[in-house]
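As written, the chain order gives the labels A, B, C and D, with residue 1 at the start of each chain.
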Amino acid sequence: MTAPDDRHAAWRERLHQIIFEADTPAGRTFDVTLLVAIVLSVLAVVLDSVGYIQASYGPVLRAAEWFFTVLFTVEYLVRLAVVHRPLRYMVSLYGLVDLIAIVPTWLALFVPGAQTLLVIRALRLLRVFRVLKMAGYLREARVLGAAVAASGRKIAVFLGAVLTIVVIVGSLMYVVEGPENGFVNIPESMYWAIVTLSTVGYGDIAPNTPLGKLLASFVMALGYGIIAVPTGIVTVELANAARATVVTTQACPACGRDGHDPDARHCKFCGAKL
Amino acid sequence: MTAPDDRHAAWRERLHQIIFEADTPAGRTFDVTLLVAIVLSVLAVVLDSVGYIQASYGPVLRAAEWFFTVLFTVEYLVRLAVVHRPLRYMVSLYGLVDLIAIVPTWLALFVPGAQTLLVIRALRLLRVFRVLKMAGYLREARVLGAAVAASGRKIAVFLGAVLTIVVIVGSLMYVVEGPENGFVNIPESMYWAIVTLSTVGYGDIAPNTPLGKLLASFVMALGYGIIAVPTGIVTVELANAARATVVTTQACPACGRDGHDPDARHCKFCGAKL
Amino acid sequence: MTAPDDRHAAWRERLHQIIFEADTPAGRTFDVTLLVAIVLSVLAVVLDSVGYIQASYGPVLRAAEWFFTVLFTVEYLVRLAVVHRPLRYMVSLYGLVDLIAIVPTWLALFVPGAQTLLVIRALRLLRVFRVLKMAGYLREARVLGAAVAASGRKIAVFLGAVLTIVVIVGSLMYVVEGPENGFVNIPESMYWAIVTLSTVGYGDIAPNTPLGKLLASFVMALGYGIIAVPTGIVTVELANAARATVVTTQACPACGRDGHDPDARHCKFCGAKL
Amino acid sequence: MTAPDDRHAAWRERLHQIIFEADTPAGRTFDVTLLVAIVLSVLAVVLDSVGYIQASYGPVLRAAEWFFTVLFTVEYLVRLAVVHRPLRYMVSLYGLVDLIAIVPTWLALFVPGAQTLLVIRALRLLRVFRVLKMAGYLREARVLGAAVAASGRKIAVFLGAVLTIVVIVGSLMYVVEGPENGFVNIPESMYWAIVTLSTVGYGDIAPNTPLGKLLASFVMALGYGIIAVPTGIVTVELANAARATVVTTQACPACGRDGHDPDARHCKFCGAKL
């Protein structure tokens, strides 16, 4: 004999499982459906930004925008209702993104032009990373994630060093080239330094004086080495991550040595059964 | 006493060997001859697109085009005649490419201008990859191929993540810079994001506002890390592939399985002495 | 009973510890405070270079400039007073940087315009690298530093080879393209070669003739290989550095030396059991 | 009692040692002196190409040109006189470069304007690579050289595949974008494909149509993977080369196992003396 309250709680728990967890068939279906809705809603925003599509299909895109806004609003309210700690969800990254994805449309009812902020709905695509975890790509995503996480501190040191170089190089180029050659102030020169060190090289700002070109050549030679560092870091971490998952930590019961392949059934050193 | 039918079948089998297989001298000769014909036909198309060459050697190039079209048409019909499953060949990648390489010239007899599609004949160059397998470069091609194949899923996860970042960055830049600075719509902004993240940096679209340049600087710093990932993946897989070819030389005398490490003294599957 | 001289020496020693060493709490506090002051002073210089900020906050920035100049002048004098070998400090890299960071402001009292040299104060940011050593990032910085140091000679050979290629390619492009296509002289052509080989590609100078474009294509194919070399060098050194830190944990109980491989059972120097 | 002939032969042999070999003090001195002369002569050519330097120092540079031409002519004749197989030297790479470095100046006596070819004297800088072998950089140069040589075939397969992709992509972009957007013919489109795949991205040619930009985006994503391949190849080969020189091939006389560090004095497995 379940009281209405109990039934309500069970129902809430069931919804929580579907919406916040991914290891039941219903949860998986919900996640994939939500992802499809997000992709479609982003597609509507993207198409709406293209002039001639907007001219032809404006009303359809407008309807889609309202449809997805209502859908995501309902989803947001249900999430608030069933989550165990509503406040914590509201201030979490996903909670904030879920909110700012629906605010602009409602806001546009009162503030004209608020709608242009609708494009930040694209941030909801971040859920892709959550759904990725679920699919068969789990292991690949984990290896990549572990490599990036293990490199975190090294990359922080590296970015700090690069930023220092950018400020110094930017200041020097501002003195050498000056505003008359496009290096109008130091932040602009630092922007040029980043564009050059990352080897992007738009060419909207480029040195004109011989001394500036000489200095830029040194910066590019430095860029060679600099771009090699994150590549090296990630490669080494990927190699470590790959090795960790490939070679088991199992030791031979007879001779005690390890380093066996996962498919090994006998010790490769003494022949004992593993 | 072979009946005409038998003789016909034997002749067909012989042609099949020559055209579709590469391990007989005749098959090898056919493949190389075909590749030379393809390269020459593509060269004719390439030269024909250059104004002043076309003006001087137009008739010669026209004759070459018809020569190769007839040649490739005969080749296509013979392939259809001798292949075991004609329909399967017709809808295969190579079958479709073989067909669309000859259609434009014939079509131009009825539809004026269809000839401009002739350049897609360049797709037949894909056969280079098939012929590569044959030559002494087999091992190198296999190592590269194995590395790319083993990286397939990791690269899929990676491209998915990059595409998500591209949509988000493209939307943000569209809001920040807007149509007046060249970011005319979101697809255009996404194109800019790809050009920047890949460090190509044409400079046909570039940020103009201080906020846009700051955001672009973050995107470039992100691009540093992003370009490091495929390099790391391919390097690790190449290292694995190289190691794998070192490993597989010795087969176990007891159970006949291979894949032993260089330092193994006992078979890792049955425990017999190596 | 400490004579005034003794007390003076002790006080000087204490200041030396605080200013030049980083392993006492006071020394650490001093380094961090100094770094904050440097960052703020550089920020003031950077903001001062932006026209509209300078127009609004000119007096504030001017006051900040004098505040930091006086602060750094006092710091410089104290350093000179307490350091053991003042002359050696004055001609060291950090000593010179400390000096040229304060000279421009004082000089501007006599020479109008000397102030534009103030931006070289950004060089003081080099102290970031000194402070980096101190924080928890010590190990990461050491691994990166060891990798770069170990690669030093290989990178020198590499840069020598690249410079040779740059001169040769620059000379050839100057002959092929000539001044009428933007390759106005050989140094300019060498600048183009560096911009191209580093894959920066501004596009301010680009080949126009068919032969120049063909040559440029070869240079870019070469650039593929060239950019791979420093990446490879740094990756291998990073892998070695990472392995070295795994290895050095265990010291031999007999001879006390370390650096043993993880699979070592006997000391590789004296043969004792580990 | 040495006959004049003998003395002549001995003298010739001595000169051969000095000029063609590098392991005697005299040979080393000669190589370094020659390299300095080459660098100075190239510097003279480089400076001569800069308009305002040529205007001021024209006569000095002219004298330097004649000085180095006579010097290199004498060197060339002496090389011919003492080398064991003069014809073989004449048609070797270095022999041809030595010759074309002196021809333009002499030729300019008869053919006006031949002097502009003088810049190819920069090719003599290739001797840097020969001298590099000599100096203390021997080991580094050998490791780099071994890595490049071992990667040779893999790189050949790779460049073949890239060239095929370039032709196909170039043809497709020519159809999609057409001459009105700067893709004036297929070679020009192929040039664009190379500029894009190598991530140089000048921006002198860039897609304008939506379809062209979509295709270009795919090419850039492909470029991600393509640029990773040579990096991976070189990294793996460098790691192999480094390992080969670091781990000795010395086997333990007691237990027969190898893989010892170069500084090991005892077997790390059984403790026996190496």
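Everything below uses one rule, namely that contacts are C-beta pairs under 8 Å (C-beta built on N, C-alpha and C of every residue); 3 or more make two chains touch, one makes a residue touch a chain.
All values reported here derive from a predicted model rather than from experimental measurement.
Two copies of one sequence, chain C and chain D, touch each other mainly through non-matching residues, since under half of the numbers at the interface are common to both. Note on B-D: its contact pairs, compared by residue number with those of A-D, B-C or A-B, agree for more than half at A-B. C-beta contact counts were set side by side for B-C and A-C; A-C has more. Measuring from the averaged C-alpha position of chain C to that of chain D gives a distance of 30 Å.
Computed from the mean C-alpha positions, the centre of chain B lies at a distance of 43 Å from the centre of chain C.
Chain C has its Cα centroid 31 Å from the Cα centroid of chain A.
Across the assembly, chain C contributes 187, 190, 199-203, 227, 231, 233, 235, 239, 263 as residues in contact with two or more other chains. Interface of chain A with chain B (complex): residues 42, 45-46, 49-51, 116-117, 119-123, 125-126, 128-129, 132, 137, 140-141, 143-144, 147-148, 155, 159, 162, 187-188, 190-191, 194-195, 198-204, 227, 230-231, 233-235, 237-239, 242, 260-261, 263-273.
Touching chain B in their complex are the following residues of chain D: 153-154, 156-158, 160-161, 164, 167-168, 170-172, 174-175, 184-187, 190, 196, 199-203, 206, 210, 213, 216-217, 220-221, 223-225, 227-229, 231-233, 235-236, 239-240. Interface residues of chain C facing chain B in the complex, by the touch rule stated above, are 199-203, 231, 235.
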